[in-house]
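Take this structure first; my questions come after.
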Amino acid sequence: MALLWQQFLASFSFESYFPLLAEVGVILTLITALAAWNYIKEYKFWYYILTLIYLISTVVVILTTDWFFFLFAWEMVTLTTTFLLAWSSWKLVKQYFVIQFTGSSILLFAALAANALGYTEIAAIDSVLLQFVLIIGMATKSGIFIFHFWLPPIHSEAPSPVSAILSGWVVKLGYIFLLKIIPIESGNTMLYLLGIAMVVYGGWQAVRSADLKIMLAYSTVSQLGFIALAIGTGGELAFLGAVLFIIAHGFAKTTLFITSGILQREYGSRVVYDFKGAIFKRPLTSLAVIISFLSLAGLVFSAGYNAKYLISSAQLPGLLTKVVFFGFALISAIYSLRILYWIFIVDEDYSNFADKLKKALNSYQIYSTDILAILFGTLGVLIVAFWPEMPGDMLEYLVDYDFNIIAGVRDSIIYILLAVYLIHNNAGFKVKVRDHLSLERYLRSALDFIFSMSRKNVKFDTDKIFETVFYNTIFNTSKKIHDFFYQDLTIQLLWIPVFLSILLLWQQIYSYF
Amino acid sequence: MMETRIILLIIVPLGTAFIIPFIDLINAKLRRFFVLLGISIQIFNLTSIVVQYFDQIRDGSLFLQYHLGGWQPPFGINLVMDNLSFLFIAIVTLSLLFIIIYSIGYVGHHEGKFYVLYFIIIAASNGAMLTGDLFNMYVFIELLTIASGALIAFQRSHPGSEAAIKYLFYNIIAGSLIFFGVLLTYFNLGTLTMADVANNFAALESGIQLFITAIFLTALLIKMGVFPFLFWLPKSYDSSPAPVTAVLSGVLSKIYLYLFIRLIWTVIGFETIVALNLNILLIDIALFSSFLGHVFALQANNIKRLLGYSSIGHIGMIFAVIMLNTEAGFYGGILHIIAHMFMKAGLFVACGYLLQYTVSNHYRDFKGVGLRDKPVFIAFIILLLSMIGMPPLLGFASKWFILMAFLEAQSYFGAFIVIFGSLTAVIYYLRYIAKGFEEVRLSEDDLKMEVFNQPLLSVLYREKIVTFITYAYTAVIIIFGFGFRFLNIPLRMSIESIMNVERYIELVLGG
Amino acid sequence: MMTATVVLENLLLIFLVLCAVMSVRFEEELISIIFLSTFSIVLTALYLLHRAADVALAEAVIGAGLSTAIFMSAISQIRHGDSD
Amino acid sequence: MRNNFIFIILFMLGLYALIMKTNLIKNVIGLNIMEASIFFWVIAFSDVGGEVAIHKMGEEFSKFNDPVPQALTLTGIVIGASTAALLLTLIIELNQFTDTIDRDEIEGLNN
Amino acid sequence: MHKYLKKTLVISVFILTAIALYENFLLVPEYTGLRTGVSDYIISSGLSDTGSLNLITAVLYDYRAFDSLGESTVIFGAVSGIVLILSRKMLPVSSRGLSFIVKRTFGLVTPFIALFSLYVITHGHLSPGGGFQGGVILAVISIIFSIVYGSAFDYRRYSPQVKTAMETMGAFTFLGLGVVGILMEGFFLKNLGFLTARTGTLISAGSIPYVNFGVGIKVGAGLAIIFYSMIQKTFKEDF
């Protein structure tokens, strides 16, 4: 046992920004644990045990360089988050477990292939094919473009502290792993393209969603796109941008999901349009919402801006990249400002603003812990905004890096004007409220699409869809194979002389082929 | 050096098997006392061997011999215990200890006969793993077949006797093939001792070598339940009582795997297998059998049959990894043998407890089983998770090393089969876990049926024993899950004792 | 000229194969079991020819004696519900 | 050479009865014939024209047949008989439930 | 699969196996030329080592006595398996005996069968025969009882309890002699030297005659139990 313990400790590496990322992970988990104090009612003890195990395994995932402990910890993360989902519904647990397990099996295969090809440590891998296999491996677990289908349904259905953990940090572990794998100077073009696709697709879906949680899930996809973009471009600056982005987005998204939990309990619904008078009902929560959404939008003086500026400055110079990057920033600005527009601007009367605010400020007895959690979250976002090199200047490269605020102010004003113009004359992209997303609905729409082409109208009932379609096909095929081999006892016993004669004549058979 | 404790490992269970019918005549109450006495002497024996030769076990030079009847090896029968057989005997005895305590709590009628057959299986399994003589191995294999054949029909139900007949058909053919193989080696080489045969097996002409290897391989593949002959295995797991299936799946399949390693690596020598270019064929058969096992498991509508099919899948995988003949291959293979033994025995033990009130172990009767006794069902789920290969449990470590072995040996098809296996395992296990948690509204006649269904556990304390054993298995899996490096030394040493056959021959014949 | 034993041996071998074939061909179990016992008696004779006295005695007692007795008792227990 | 032919013919006959015949008792008979053929081959093969391996009290040592395969066959015959007995009891047991010993009617054996 | 297709498939597989076996049998040379390691030693020094004239019993009960122990456990296992499967709750009705003439003749013949079986058992090391063959003849007596006089008669003469006792007694003599071998001369199942007398006499081959006796009793009682439990007329159980 002792041998195992030393080997486990020896496999930790504490250089560059990974300890910082581990600390941020720990802080975020504590924030969510704080927020869960009165959100989770029953089995509270088990909830905190699982969060503790999750905490330890995230730290191990980020810091270790040995393949075995890396995979051991990451699968522990999956296991704990699967059971954390049990507080919402067992169906979710099943789906999440199956998808995450397939992802981790591919990752296991990829990691062992890397191990077998000589990369015994988790370090920069220079063969592009292996990088590609590893990216596919971690794709399902951290929502790369094609493999992100499970992210919105599960993140929106999960209880809010759990979805805070999931969106805030679990999804980013894959990218932290990529930070170690992708060599800094070369980057990875495929990741770059995937990042672009994610940003565009996530942004477009976020704009079209009316439900706050679904919007947040899709915005996670688009923000992850930015991180993938940064890692894809390669270069010291881009990697630092990715790290900063991970931290900023972590804080912002955790606070946003906790606030969505509070607002859902406050207004009893998740649709953005009915959060009327939020500033007066929950002033502090709305303050947190405003700051996090600004950071999400990447406007100046916010955490998002620093990260986005780093990433855009790391791009290769040229008009096309400038325009494209402007478009990305615009998309993220639109979908974040649209939510602020709906919550705070649409038909609000700010007549006697001051005294209404005073009256609201002194009615805070109910959600004390949640408010505390959000304050820590916003504090985090502000710190990243004003000290990009983080307190105790861990990212020392950024200490004297000028973010030329003036250009930032100019850009943000343009963004705000454009966003207001677009939101105003498209009536705030008001979209019909879609009912909750679920994987069954995805499969059903996919199958309707397939069967519509074949003109055979097959009726599915959505909630039993996995059992009816998915399992029956497997059951029937394996039944056919089984019946093919299991005809009757004569054939089964016949295998013995057949196999014996094949073995006996193996010399001739082998020389024949 | 000579060691009488080895022979005691075989005589003590044999003695208890002979005593029990005699005690039944006098008074049946003493029976359980003798059962416990027998198994405790066995454990005491094994621990005293471990204590005395601990340093030899650590540095891998453990080599205990015993010449029966005082005759030197080529003439008489000799027993050999090196690191490999020591490791296997240790885990087999531990698992048998768990199962016998479980069966004290589980078996109701005909308890005397059950213990007789059970102790014969213990004696025969120890004998088969210790013997250094071909014909002696054949006698112990026949002993295992008859005892387990009779135990499969223990419940005297319609499916039970069908399963036993099918089981015996296959295994008696395999037994007669082994007899034929042993006699063939005797006629060509003049001796029956494994070391002597190994010594000059290579000198034989390649046609005869192929003849003997073909006979032995067919017989062993039948016994292990690999692709062409896997038809008897699920049925015999399905219709026999829980302790018997635990023995069959946990212990017997491992003993035949050990005999396979002993025969192919020590007696016949792996170079001859490569010279006859059989190893590629065997790896493909093993992988196809593993693939088939997992595919059949998908359509199994009966929990025990499902576990039988998944057991075929795993044995196929172990068989393929070992056939790679690399250091990592053996490490992953033997670690998975240990993991699979405890997982499978634990699963069947839990199944026995969960299904005791259900009418049949069909899929629809599994409804609501989990809610009736939650703690055992949680243990059941943990074991299933370990079968899939989830991290905190031993299954993950063994899956990891097997995959590493496959990838180092560049056989990507093998790695694909392992991944395919664990993915299909998720699907068919999840289906049963979900069914276990479904609500069940017990109607009037269900309750009456349950009462009428004579639960075997009449007395409360027996229920305690049964649940205790299930937790014991889960505890073993979790402890070794974290501390699998703890198994590192015995695994390394047993690989080393497989690899160099010269040391085995020199020590047996020279000594 | 082949000596007497070799002729006897060939004769017995032919008789042996004949018994086995008859025992397998006949539908009625009783007849096939009687042929099985004659099969083992001929086998005893062959063993004697091959100078294996112990095995011959064992085959005679177990093959002809015990197996036939057990097969007969098995048939007497079998209840032919519907077939023949 | 002649013994090898006989062995192959008998072995195939036993296998035929075991695999093709649908009557369970016939299968056990086939099994018996198969094992008997193996024992016959062993004894026929080990017969080197020597005497029975028993020392006469008076005369001195003469050429013996090899005692070891004969001892092994003896054990084999007894094992074969006990396995056949076990199989027959199982067939009797099965007959209690299904009233027939025809393999096709007992479809339980096929899956 | 269609009936004829299956038949042709089976026939072709059999022909293929026959050819395969024939090919491989050609390679096995005639036995005379082969290396005879163990058997030369046993033939030459069998008499002096074990003191038994019959070399086959020497091999069976001394050189490879452990196999015979395994062998008798096989029978023990088969017996307990069969009794387990065929045990009936109801007391079975006795099977009808044969006619009077047969009963009378067997009345006369049975003692001679018993004498013959005892002869075969005890003279294992002098003449062909030994524990197994003698034991089976012993079982034949019980079979005769239950066939000729009806299984009730056999039940009264040697009830299954007596038979189990005899069987375990036989097993214990065998095991006991083995353990005595350890105590006295250090090896399990060693042929005990102090028992040997002049070769050729009844108690000449060390512990072999006693082992023979133990095995004979065990096999006889065991097979009698097998036959008794198979012969009794059975009715569908009621429990």
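Some observations on this one:
Read from first to last, the chains carry the letters A, B, C, D and E; within each, the first residue is number 1.
Assume a contact is a pair of C-beta atoms (placed from the backbone, for glycine too) under 8 Å apart; a residue touches a chain by one contact, two chains touch by 3 or more.
According to UniProt, the chain labels map to these proteins: A = Complex I subunit 5 family protein; D = Cation:proton antiporter subunit C; E = Sodium:proton antiporter.
The structure displayed is predicted, hence computed values, not measured ones.
Touch-path distance (fewest steps) from chain C to chain E (Sodium:proton antiporter) is 1. For the pair chain A and chain C, chains touching both partners: D, E. Centrality by Cα centroid goes to chain B. When each chain is reduced to the average of its Cα atoms, A sits farthest from chain B.
Which two chains touch most often is answered by the contact tally, and the pair is B-E. Centroid distances built from C-alpha atoms place A farthest away from chain E (Sodium:proton antiporter). Here the CA centre of chain A is 69 Å from the CA centre of chain D.
Work out the mean CA point of chain B and of chain E (Sodium:proton antiporter), and you get 30 Å between them. In terms of their C-alpha centroids, the spacing between chain A and chain B amounts to 44 Å.
Taken residue by residue, chain B touches two or more other chains at 135, 139, 142, 146, 149-150, 153, 156, 161, 166, 169, 173, 187, 192, 207, 210-211, 214, whereas all remaining positions touch fewer.
Among the residues of chain A, those in touch with two or more other chains are 486-487, 489-490, 492-494, 496-498, 500, 504.
The multi-chain contact residues of chain D, meaning those touching 2 or more other chains, are 15-16, 18-20, 45-47, 52, 54, 68, 70-72, 74-75, 78-79, 82-83, 85-86, 88-93, 98, 109, 111.
Contacts between chains, counted with the stated touch criterion, involve the pairs A-B, A-D, A-E, B-D, B-E, C-D, C-E, D-E. Interface of chain E (Sodium:proton antiporter) with chain C (complex): residues 54, 56-57, 120, 128-130, 132-133, 136-137, 139-140, 143, 223, 226-227, 230-231, 234. Chain A meets chain E (Sodium:proton antiporter) in the complex at residues 487, 490-491, 494, 497-498, 500-501, 504-505.
Interface of chain E (Sodium:proton antiporter) with chain D (complex): residues 7, 10, 14, 17-18, 21-22, 25, 31-32, 36, 38-39, 42-44, 46-47, 53-56, 58-60, 64, 67-68, 71, 74-75, 78, 81-82, 85-86, 127-128, 132, 200, 219, 226, 229-230, 234, 236. Residues of chain A that touch chain B in their complex: 1, 3-4, 7, 68, 71-73, 75-76, 79, 90, 94, 97-98, 101-102, 105-106, 108-109, 112-113, 115-116, 471, 474-475, 478-479, 481-482, 485-486, 489, 492-493, 495-496, 498-500, 503-504, 506-507, 510.
The residues of chain D lying in touch with chain A in their complex are 15, 18-20, 103-104, 109-111.
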